[in-house]
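One chain, chain A, links the two complexes that follow: it is found with chain B in the first and with chain C in the second.
Our next item is the complex of A and B:
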């Protein structure tokens, strides 16, 4: 029984970070129809910025994570303006394929740029953000795990509130549902695209910053989270932000199950096996609708 | 662009899709508080003309003036603020949002909150059906309700002029009546209308002026009664011998 409770808690915590990554990926797919394969690199930058904030500037953990999100938001907006604005002008056909190739390029460039600037050394927190443990149902779980999980949940809840309750958030949803209609009511598509991309990057950065307590920043630290967030999207359907949250938790469960029952070597086999099954049986994903770019509902 | 008594001046626009030119040297103007119709068969280029005015398509040459200012190169999202509202044939509603969210977004260019509420009340008075359905998702409504919502959303930005593309398409005769009565009422409030319609009879009944477009060119223009009296028009569009 204890084992089950422990597994559930670990799954939810693990899945929560996947959700945070997947939500940003989903948002950009839903609003801009971009298959972002550089999403992991913004996670990686988030980890570096959080290290910088925490160790170099000696900020408290919350501020370090916030700093990482804000800095990567700015970088994300810059990347959007430098790369996708020109692509929108020039590419009409094969847009999705072009975004895939382009973001793959961005990913490689960013990894190597970081390697050139800071080298291959690992930048990690020697003692995490928060010391100590918390007792939950008699099990000791590190404060880092719990508080960082709560921060990522707060980021997701904040995003949902922002999308549903604010004027700008509504405008983002409007663009995802009907870009022409959005223009006609006076929404500036260019601004929404830049802002949305920045927001998505900031979410990835917050995930990277949160997980810095256990995964040190390296040039390729974003790869695993990138794959995980794509698992989630394929599992629940592309571009559905709400479903991505659930999807993250599901993937967390699957992995914990695999680790507990089969051994940690089977973790990715489990996820990938299910992804393959999904693609064969229900390519639109668990919550996906056929032919609908259903986006941010 | 000097005739300030006109709301809209379209001068010699040429529009192409790739190498295919669909609008040839079209000019027309719309006076204040008038209802002007563009008539013509399917594929005559009427929708293209409206989309060009709305900035969704750029013309090869020619200019579009709105309230005495050149808007030919103005981005589409600036038009709502200037007072031009385009209710497209596709409706372009936000289907996963409620009726009320759609309407609120219609007033995106309106900065003052009290003004938005006032407009919301006004369109609910105009279309009580929408008020009943205010919490329903736009995508789950019937064709007629969607058209009402599209028009209502277009009115939320306090437009000086609305452009309607095929508003009666897919509507019951009763709803068609509602649409045209709305246009008539808007005219009384000083709102100008440019309308593209297949429903020629009803349109001419309500319009002040009409331009007949054929293969991308203006082939005839005049008051509604002049157009109705024209033999060619009767044959082509009214199905009379």
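Our next item is the complex of A and C:
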């Protein structure tokens, strides 16, 4: 029984971070119709900035996570202006696949630029953000895990409130439903696109910054979060921001199960197998809605 | 009498050019292939030949990749899976069961084709990005399998493979690779210049219109996908014997990305563009061996530039140059 509770808690915590990654990815997909394969790179940058904040500037953990989010937001906006604006001017046909290739190029460049600048060394926190353990149902779980999980949940809740309650958030949703219509009522599309991309990058960076206590920053640290967030997206349906939160938790559960049954090496095989089955049986995702984004041509 | 002879010479000349054209070679293409094929005669430096072999290998991969991405507009983002399937098939057959490496390469070719056919059946009905994700996930899953199934693949420590021919010089292997390049090129050109190729292009440009014209997209896409994957397996099997050791990292995404970048830089839908891109870029990249990062940054930059500003790639540039030359020749011929 204890084991089950422990597994549940670990799964939810694990899944929470996947949700945070997937929400950002889903947002960009829904609003800008971009298949972002550089999402993991923003995660990686977040981890580096958080390291920089907490070790170099000696900020407190909350501030360094916030610092990472803000810095990557700026970078994200810069990338959008530099790359997607010209692409949007030039190409209308085949937009989605072009963005996929383009973000792949961005990802290669960012990964290797980081490698040039800081090298292949691991930058990790020696003792995590917060010391000590917390007792939950009699089980010791490190403070790091719990507080960082809460931070990521706060980020998701904040995003939902922002999207639903503020003027700018409603404008973003309007663009995701109908870009031309939104433009007709006076929404500045260019601004919304840049802001959304920056926001999505910031969410990835917060995830990277939170997980710095366990995964040290390296140039390739973003790969696993990237494909896991793609799992989530395919599992729940593309561009469905709300469902991505649940999807993240489901993937967290799947992985905990796979680790318990098969050992950690086979974890990826199992979750990949399930996702591939998913694509075969129900390609529009668990919560796929008609008229959102469809997998079948 | 002399007139008649000249006429006969002319017809044989024409039929030879026609034969080459039928195989997909333009005069410039024949020249390029001749230069490439005669290279080991002039340069016997092993280091240089090794670079040329691996450039040709990447070029062949890029051509086979372009056959899917440039024609039916599906980006096979798990192409390294087929490379790995080919390589591991021949390696396992040879090292565990003592099968002849040539048969092993054939088996790699067939198995990659079967895998491509199976995966194609499942992915073809999915559109664009989903097909890419599906193939990508297959490569990721195979990477994990190859790492963890130590009994079969010897895991991340790597599996050593004997060469195809025991020789100190790379000349023999160069010609084997050259033959593979020719096979890949001729097969792809033959298919793409046939009726099937026209159907491929129609599907790539507008699936609905192609369907309305009576083309069954699923069937043609499947044919295309299978051919591309099987050729990838053949080249991958060659790679296993060429490199002497294979590790699960073959399956990693960066291999696919490198092939993909070459084929996009070469120009979509041209087939030979990928080979040209590889032959021009990889030797330069080899000089930058110590700077792996910059090499990849260059790839990324080229890819972005090709995407945004010049989707026709190198082959597009060359076609423009060729058009100009043709016009000049035509004008001077008139005078």
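Keep in mind that, in the parts below, the second predicted complex is superposed on the first by the 290 of 297 C-alpha atoms of A that agree within 3 Å, B and C clash if a C-alpha of one lies under 4 Å from a C-alpha of the other, contacts with A are read in each partner's own complex, and residues count from 1 in each chain.
Note that in this section a residue touches a chain if its C-beta (ideal position, glycine included) is under 8 Å from a C-beta of that chain, and two chains touch if they have at least 3 such contacts.
Quantities reported herein were computed from a predicted structural model and do not represent experimental measurements.
Applying the stated contact rule after C-alpha superposition, one finds that A:213 touches neither chain B nor chain C. In the superposed pair of complexes, A:149 makes contact with neither chain B nor chain C.
In the superposed model, A:266 makes contact with chain C only, not with chain B. By the document's definition of touching, of the two partners only chain B reaches A:185; chain C does not. After overlaying the two complexes on the shared chain, residue contacts for A:67 are found with neither chain B nor chain C.
With both structures placed on the common chain, the touch criterion links A:177 to chain B but leaves chain C unconnected. Once the two structures are superposed, chain B and chain C can be ranked by residues of chain A touched, with C on top.
With the contact threshold set out at the top, residues 294-295, 297 of chain A are in contact with chain B in one structure and with chain C in the other. Those residues of chain A lying in contact with chain B across their complex are 167, 170-171, 173-174, 177-178, 180-189, 294-295, 297.
By the touch criterion stated above, chain B contacts chain A in their complex at residues 54, 56, 75-81, 85-86, 88, 90-97, 101, 104-109, 153-154, 156-157. Those residues of chain C that touch chain A in the complex are listed here as 73, 75, 122-123, 125-130, 132-134, 136-138, 140-141, 143-145, 147-148, 207, 253-254, 257, 260-261, 264, 292-294, 296-297, 299-301, 303-304, 307-309, 311.
Contacts from chain A toward chain C in the complex involve residues 35, 83, 86-87, 90-91, 94, 96-98, 100-102, 104-109, 111-113, 115-116, 223, 227, 230, 234, 238, 265-269, 272-273, 275-276, 279-280, 283, 294-297.
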